[in-house]
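One structure, as structure tokens, below. Some questions next.
Note that the chains take the letters A, B, C, D, E and F in the order they are written out, and that residue 1 is the start of every chain.
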Amino acid sequence: MSIVLINPNSTASMTAAMLHGARLAAPDLVFDGWTSHGGPPAIQGAADGALAVPPLLELVREASNMGASGIIIGCFDDTGLDEAREIAACPVIGIGQAGYHMATLLAGRFSVVTTLGVSVPVLRANIDAQGFAPHLGRVRASEVPVLALEADPDAAHTAILRETRAAMAEDDVRCVVLGCAGMVDLPVRLSAETGATVIDGVTAAARLMAALAGLHTAPAAQLLPQV
Amino acid sequence: MSIVLINPNSTASMTAAMLHGARLAAPDLVFDGWTSHGGPPAIQGAADGALAVPPLLELVREASNMGASGIIIGCFDDTGLDEAREIAACPVIGIGQAGYHMATLLAGRFSVVTTLGVSVPVLRANIDAQGFAPHLGRVRASEVPVLALEADPDAAHTAILRETRAAMAEDDVRCVVLGCAGMVDLPVRLSAETGATVIDGVTAAARLMAALAGLHTAPAAQLLPQV
Amino acid sequence: MSIVLINPNSTASMTAAMLHGARLAAPDLVFDGWTSHGGPPAIQGAADGALAVPPLLELVREASNMGASGIIIGCFDDTGLDEAREIAACPVIGIGQAGYHMATLLAGRFSVVTTLGVSVPVLRANIDAQGFAPHLGRVRASEVPVLALEADPDAAHTAILRETRAAMAEDDVRCVVLGCAGMVDLPVRLSAETGATVIDGVTAAARLMAALAGLHTAPAAQLLPQV
Amino acid sequence: MSIVLINPNSTASMTAAMLHGARLAAPDLVFDGWTSHGGPPAIQGAADGALAVPPLLELVREASNMGASGIIIGCFDDTGLDEAREIAACPVIGIGQAGYHMATLLAGRFSVVTTLGVSVPVLRANIDAQGFAPHLGRVRASEVPVLALEADPDAAHTAILRETRAAMAEDDVRCVVLGCAGMVDLPVRLSAETGATVIDGVTAAARLMAALAGLHTAPAAQLLPQV
Amino acid sequence: MSIVLINPNSTASMTAAMLHGARLAAPDLVFDGWTSHGGPPAIQGAADGALAVPPLLELVREASNMGASGIIIGCFDDTGLDEAREIAACPVIGIGQAGYHMATLLAGRFSVVTTLGVSVPVLRANIDAQGFAPHLGRVRASEVPVLALEADPDAAHTAILRETRAAMAEDDVRCVVLGCAGMVDLPVRLSAETGATVIDGVTAAARLMAALAGLHTAPAAQLLPQV
Amino acid sequence: MSIVLINPNSTASMTAAMLHGARLAAPDLVFDGWTSHGGPPAIQGAADGALAVPPLLELVREASNMGASGIIIGCFDDTGLDEAREIAACPVIGIGQAGYHMATLLAGRFSVVTTLGVSVPVLRANIDAQGFAPHLGRVRASEVPVLALEADPDAAHTAILRETRAAMAEDDVRCVVLGCAGMVDLPVRLSAETGATVIDGVTAAARLMAALAGLHTAPAAQLLPQV
């Protein structure tokens, strides 16, 4: 069966872009992309996240029932990740979580560049809760709204490049995790421009799903975390 | 170039067994196995670990200079991991570290079953320092010495099976990480016998190296962590 | 980019089953499955077909705009096929059409076994219009409603097997095309039971898409038929 | 076993060129090329075709007996196709037939550009008998003899290009099927020069054989058409 | 381009069997099988060999002109091998020669089991001329005529098994090369029955062609031996 | 299991270079590289060779016991080859031997260009003993010491190029085998500069190991040559 990438917001073009990125990153896996039509158009901050969870969990349950071999939650806030892990009979990875694991393994220490300042406390809380605080430089906002990533990509790139350079100069890091699902196309160019290792969460999640695929030594039901 | 798997202890047959496990786990990568002839025959506890570090770092430096594309430290104590990351121009992964990342992603929560009690505080300190404490059930000793894993495999299996079952019954976990490089062959059988997800560090490290291989968007030299 | 398989009816579980069948049939292609939520739950006869066309064409236009490299219309009535070919910038194949081409190439002559009698004149008209009349034995109804294929599979199988045997005995054919998207799982068993070559349209369409993939010697825009 | 491509005329260099084209088009299949030494050097018109049939059928019978998994008749006139299908225990495809199927699927409507005017009625009769008349623009002769394709390729190209352009201007088509086995190398260049989709029969037949390979759900003997 | 396997005798079914064996042995190469219709039905002894050479060299010249990337002479007598090497612009391997190289590399020392006694002096002369005399145990005749290998395979097997055992008992060898192109199917069974390493020339030649494929560091014309 | 490439001299950087060359030449095999720390830094002439044999045979025995599927002796003198074949339970190939087999198959006739004059009689004796004398032009010394190949590669190249040209002009050959393990990188450039086919022993041995891999029809123990 396939890995189902669920976009908790209702913007279908973002689902398509994430799906494309996941397929490039892990060509041996089969991905399906589902859009949560009941979610907000873009998740920015804790209030949006709370609204997005119930329809997201419906899709998680449906994907699990249809036999998905893995689920990726396609929002850098790791919206509903803990709840999804409780109800799914397969591994569930958040793209924020995936970016932190990869940055820790590759570089030991990292900063995050996200969209608006309203997302900063959400990401910091996730990093604390997931145990990555010892590896964190800083969570930085580029003040580029999610939907502006598609609408005005040049201005978005300029702002994110500026924050990436600031992270290298001020945060004592050489690795930056891009804190938004809509930034899946940016790492190659940003890395060439700055010399930093730049990681996006979709690519990270797709490659970690491929890595997990070789470890399934227990029946799927036993992959459920304790409740 | 190849991934160099360095065994910090001087037992060459253990290097060969780890190399075999890594190749099975990541058949698209090329692995070389190096044995640290200057290290102790087996590393059990902090004193052994301290003796093993200087000759290990010599080999890390040589592998890095010869152009290794990655280095795996083949001791579950993650002996010398931080120092190795400082001097290598390529990613360095410890097999303990790899096991913790994989268990966190797959199951959220895990216990460790290692060899002797003398290793328990070493592993607990690593888990704290690497930020995995929120995910840990318990670190358990099977009281099987490292070299007994090869010398008396049946008795070793019985003891490790007993501790795996105890972890499931007492630690509120359904995932166990095997805490010794010499346990690379055990997960399939233990998983079938207990219903737990059982992870060994060599397999985990090999698959994570494969996952990292798709992320190298920065020149190797920039993968160096900050010093 | 991917091949988009569009289900013109609103039953999402049927989309999932077709998507699974297409991936098994053409593992080198990437498929996405879209459900037409504005269509009827199942298309049976010409009236249902007419209702299904407008929302289907919306999805065809969207898939074409998003850069699909091919579109499969997942209804054996080839609902909206001609209109879809006019508006899409990529090849469009109907699963009925695909079944007729494959049966002609493999066996020269074939009968069709479909669901209800109300679909028979629709399929006969398609076969005439597409030029396959010289190869046709008979279009036969099993009188199994579309949704009964999932709801009562044993009774469905019995009825379809009976009609397949009747086709071989009465229509002078050794090849049967199954006339409903919901029959994607039946050919292996029916073929073993009857000795006939049994073809389903989803598998046929997926394999023909793979065959076309090697012929794209003209830019995509030139694949548009004349209007 | 292999797909046997049988050239019904006695020009061995043409067999070699078709074999090369088939291997490029379907690299996962194994092809053998057989030349009918008893046939005429080139088949042009119905009289040549009639002479070519008996020695061709001898080779079809031999290929079938030796266990061929498919047979391609390598003459655009589909010489002896019906008779060959009656005696072979495996699928038989003619390269004319293959071109018509592919053009219909890709573009809906097509013209044919062949060699001499003497072949035009033969091809028109085949198109009628095979049911492709609704899709046909016109069958056009370039007045290039078969053997001149190798002997004077520049003049041949000029004449075929002229007819391809005429087809687009006068026949209301954007797809042209090249009506001779010796034209296997022309589609890439002609397509670039004219903007049409240009299909040759050898490539089409090889790719359709690959498509059929996934459908063999019945024992080979049952693939025989009715007699 | 392809490797052309030329059978110097006129028995087409033997060509087909050798072609099948070569394809199994080197699935990454493309092989064509040509039969020398002007040669004797089977080559047994020096007189047959002399008659076979002129028509064989015609085919060698044609294969070389058509751009073959290698030629295998499919007769264990290495009929015409030296002359073929002089006129071909690509590597030419005889199946006898191939068997001797492989046996020398694998086992150091070998005996040959061929068909009739009349072939023994031919093979001994080849072994001397090619420099393999130091590695030879004995050339043994099973007294099974070439065409009896197909006509009465059980009796043939019994006789060849007896000679293989005699070679092991009397010739101080553990490796036997089967000295006839028609013995391509025997090594698996004979090896299991005797414990010897049993090599046939067609498999050996196909695998050596694959090995050579990685060495072509000079333009094809320079592969010509000195004349 | 793996192919173990054993370097009989103690220069580890040469082991790494040979290992790299073997992996490029036979990417489907798994190679391990072992250095004989008890051997001389470089083997030049018979006296060095004698000193290198005892520690080499220790490693051969260890590789065989650990289940190696093949052993390559990485010294062009084929140091200890006969003794190694007697004690190993798997095929053993020397890189000199491999070069002679490949040159004979590709070109019929060859010269050797080695390092110092002191190696010439050793190589000539090997060529005689292995039966390749009829194919030999001349063994030539470039007077480049082994360790100068790495230390002053430009001067080394000039001298080896001069001898390659002399071989072509004076020895009636168009194929040159490079007579030192340290020359693994030279064939591409030398071949382009001279028009000769230039073969190095490491590449030849790796590709012959791959060719042998398809012939193992007897249990490993029976691959042992007679003693």
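The rule is simple: contacts are C-beta pairs under 8 Å (C-beta built on N, C-alpha and C of every residue); 3 or more make two chains touch, one makes a residue touch a chain.
Chain by chain, the UniProt names read as follows: A, B, C, D, E, F = HyuE hydantoin racemase.
Worth saying up front: this structure is predicted, and the values here are computed from it rather than measured.
**Q** Out of curiosity, which chains are bumping into both chain E and chain F?
**A** none
**Q** Fewest touch steps from chain B to chain C?
**A** The distance in steps between these two chains is 2.
**Q** Check A-C, C-D or D-E against E-F and flag the pair whose interface repeats it, over half of the contact pairs matching by residue number.
**A** Of the listed pairs A-C, C-D or D-E, the one copying the E-F interface is C-D.
**Q** Between D-E and A-B, which chain pair is linked by more C-beta pairs in contact?
**A** Most C-beta pairs in contact, of the two: A-B.
**Q** If you average the CA atoms of chain B and of chain F, how far apart do the two points sit, in angstrom?
**A** 37
**Q** With chain centres taken as the means of their Cα atoms, state the distance from chain B to chain E in Å.
**A** Roughly 52 Å separates the two chain centres.
**Q** For chain F, which residues are shared contacts with two or more other chains?
**A** Residues of chain F never touch two or more of the other chains.
**Q** Considering only which chains touch which, how would you classify the arrangement: line, ring, star, complete or other?
**A** Here the contact pattern is a ring, one closed loop where every chain has two partners.
**Q** Touch as defined at the top gives a ring of chains. Read it off for me starting with chain E, then chain F, then onward.
**A** Order round the ring from chain E, first step to chain F: E, F, B, A, C, D.
**Q** Spell out the part of chain B that touches chain F in their complex, as residue ranges.
**A** Per the touch definition, chain B meets chain F at residues 1-2, 13, 16, 19-20, 23, 30, 32-33, 66.
**Q** Hey, which residues of chain A end up touching chain B in the complex?
**A** 25-26, 85, 91, 93, 97, 101-102, 104-109, 129-135, 172-174, 187-188, 191-192, 195-199, 203-204, 207-208, 210-212, 214-215, 217-219, 222-226
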